[in-house]
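Chains: A, B and C, in written order; residue numbering restarts at 1 for each.
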Amino acid sequence: MIAPIPIDIGSALKTLVLVFDLVGTFVFALSGAASGVKRQLDLFGVLVLSFAAGNFGGVLRDLLIGATPPAALSDRRYLAASLLAGLITFLWYPAVRRLRSAVLIFDGAGLALFSVSGAQKALAFGIDPLMAALLGMLTGIGGGMVRDVLLSDVPVVLRSDIYAVAAFAGASVVVAGDALQLPATAMACAGAAICFGLRMAALRLGWHLPVAGPPGKPAPKPDTAKEDPDR
Amino acid sequence: MIAPIPIDIGSALKTLVLVFDLVGTFVFALSGAASGVKRQLDLFGVLVLSFAAGNFGGVLRDLLIGATPPAALSDRRYLAASLLAGLITFLWYPAVRRLRSAVLIFDGAGLALFSVSGAQKALAFGIDPLMAALLGMLTGIGGGMVRDVLLSDVPVVLRSDIYAVAAFAGASVVVAGDALQLPATAMACAGAAICFGLRMAALRLGWHLPVAGPPGKPAPKPDTAKEDPDR
Amino acid sequence: MIAPIPIDIGSALKTLVLVFDLVGTFVFALSGAASGVKRQLDLFGVLVLSFAAGNFGGVLRDLLIGATPPAALSDRRYLAASLLAGLITFLWYPAVRRLRSAVLIFDGAGLALFSVSGAQKALAFGIDPLMAALLGMLTGIGGGMVRDVLLSDVPVVLRSDIYAVAAFAGASVVVAGDALQLPATAMACAGAAICFGLRMAALRLGWHLPVAGPPGKPAPKPDTAKEDPDR
């Protein structure tokens, strides 16, 4: 009889989180690169947008909590994942476009992971719990916001469906778990699952937040953004 | 004969400053929310603009002087004031619009207080006096600039009447008083009064800075912005 | 016979670097001011763009590496150089426009110096070498990016010719020299020369990076930007 190989759960989880984190960065970077290609930037511009979309959620969080230099500047794997996504999109944009459904799913996974890990890092820096949940949300949505500001667009997250709310919900679970001293890993998984589930449901069912337009102007169609492959 | 109740002037002033600070945040947040409603953002987008307009002047100052995490992330009352302003504007935009004259007055008060308190904080962090005055100005105008950048507009403060100049004047009084070792509270009041007075006079009398247009193009009408209720 | 005056090479070089640094700030500020005049900002707006274009490359670098307050807020000479450039452009825009060729040359020199000094500062703060090279590049291109974002334009550096690449090349020489423990001053000069030479060659020969447009849209003419006097 063969002795079972002892599995180090903590280490396996750590690797899993790193893989998810890099996949999230990669997918967010795809969205940045695709926006850059659509706006006909040159190769450098496309790579800048890849890096910004993939990493600036965390960079903004780290600047706000005083964790300088930001993690994205210390670990080259995030740079590598971003540039790889940028190059692939630059070279094979039509193929990336065709994979939009898969990209949206991975984007939701990235959002879930970033929001949860962002909230955890903010808590670790002693930030007020409510603000930590908001910083978790910012970690998830900030990269896309910087991408849109660089392209001189109003950030798409400010005008369409359930994206930031899903990020906030996931981050809130982590923060609540911390306040109630529940096991951190379990709450992180629960938070990520809730964020991902909300985001997928919003995409499937076309959920969106109310829009208040000034009287006399028709409301925009908020569901147009949900088909955007580059979100 | 009843003994007079001893009044703690210092504590009363502190409360007064806090009240003004929250009112300033609230009014600045109103301007952010109104811009968001006009651009037909969803509820989340309107709240983000409220928070950004109400708090990012101070956040930018704190990032620049290294005071992380910024005050707006440590005290929930600023978040509460911002979100309240955002919700009110989202729900009752026409009513907020009708109150534009009152909003402009409170906006001037917020500008005065933010500029003065921003300069004080920069001085307390050992910043060069001239730069402290500029950081005071940034505290007053930065929230509106972030609001405009998020909406993909050129910041209105860069192209119209006496707004930043009033903020700089108020902050300069504080800095000069500090250099001359005059009483801080009195100089803060004087600085705020000068900023507020300049701003009100500029609104009433249509003062504005010169505009240099390239030859061949007509100059814009710089006074159109002064009636903007959402500034 | 007269004894030769001893020349302090180190001190002379330091003065030379300061002069170049201020000239670089001045020329970058010219570009910011010219953009502001073209967009018909008022005097305050023009001065803000001057300061942003002249200094925000370094400010962004300093925020990211945690070197707060940024150098531009500690030394008034940078403020003075920026405001001088802004005033000159505001008052005599047509003359500044006519000097566009000279400005482009000085702009290349500023790019070279900022990239090299930016990489050196990042290394001094213990940043990973590859990231230090990227931060050197950011020091060179960041001011122009902030200028463009404030004007609600897509940063010109993201869509045209060899500008960021020259900055990255120059910064990389500094970083490589540091890794190989070569003399810092010589490598800084070599890096600056390579950046400047690449930039001038790109201008002369119309070099630019490839642009990937989505199918069905014609590619833009990437060389139009290279004649822009306000870059």
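Please note the rule applied: a contact is a pair of C-beta atoms (placed from the backbone, for glycine too) under 8 Å apart; a residue touches a chain by one contact, two chains touch by 3 or more.
Being a predicted model, the structure only gives us computed values, none of them experimental.
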Overall pattern in which the protein chains touch one another (line/ring/star/complete/other): complete
Same or different contact residues where subunit B meets its copy subunit A, judged by the half mark: different
Magnitude of the superposing rotation for subunit B and subunit C (Cα, nearest 5°): 120
Centre distance in Å when subunit A and subunit B are each reduced to the mean of their C-alpha atoms: 32
Contacts with 2+ other chains: residues of subunit B: 63, 66, 149, 152
Residue ranges of subunit B touching subunit A (in the complex, touch as defined): 36-46, 48-49, 59, 63, 66, 68-70, 73-74, 76, 79, 90-91, 93-94, 149-152
Subunit A to subunit B touching residues, read off their complex: 63-66, 125, 127-128, 130-131, 134-135, 145, 149, 152-155, 157-161, 164-165, 208-215, 217, 219-220, 222
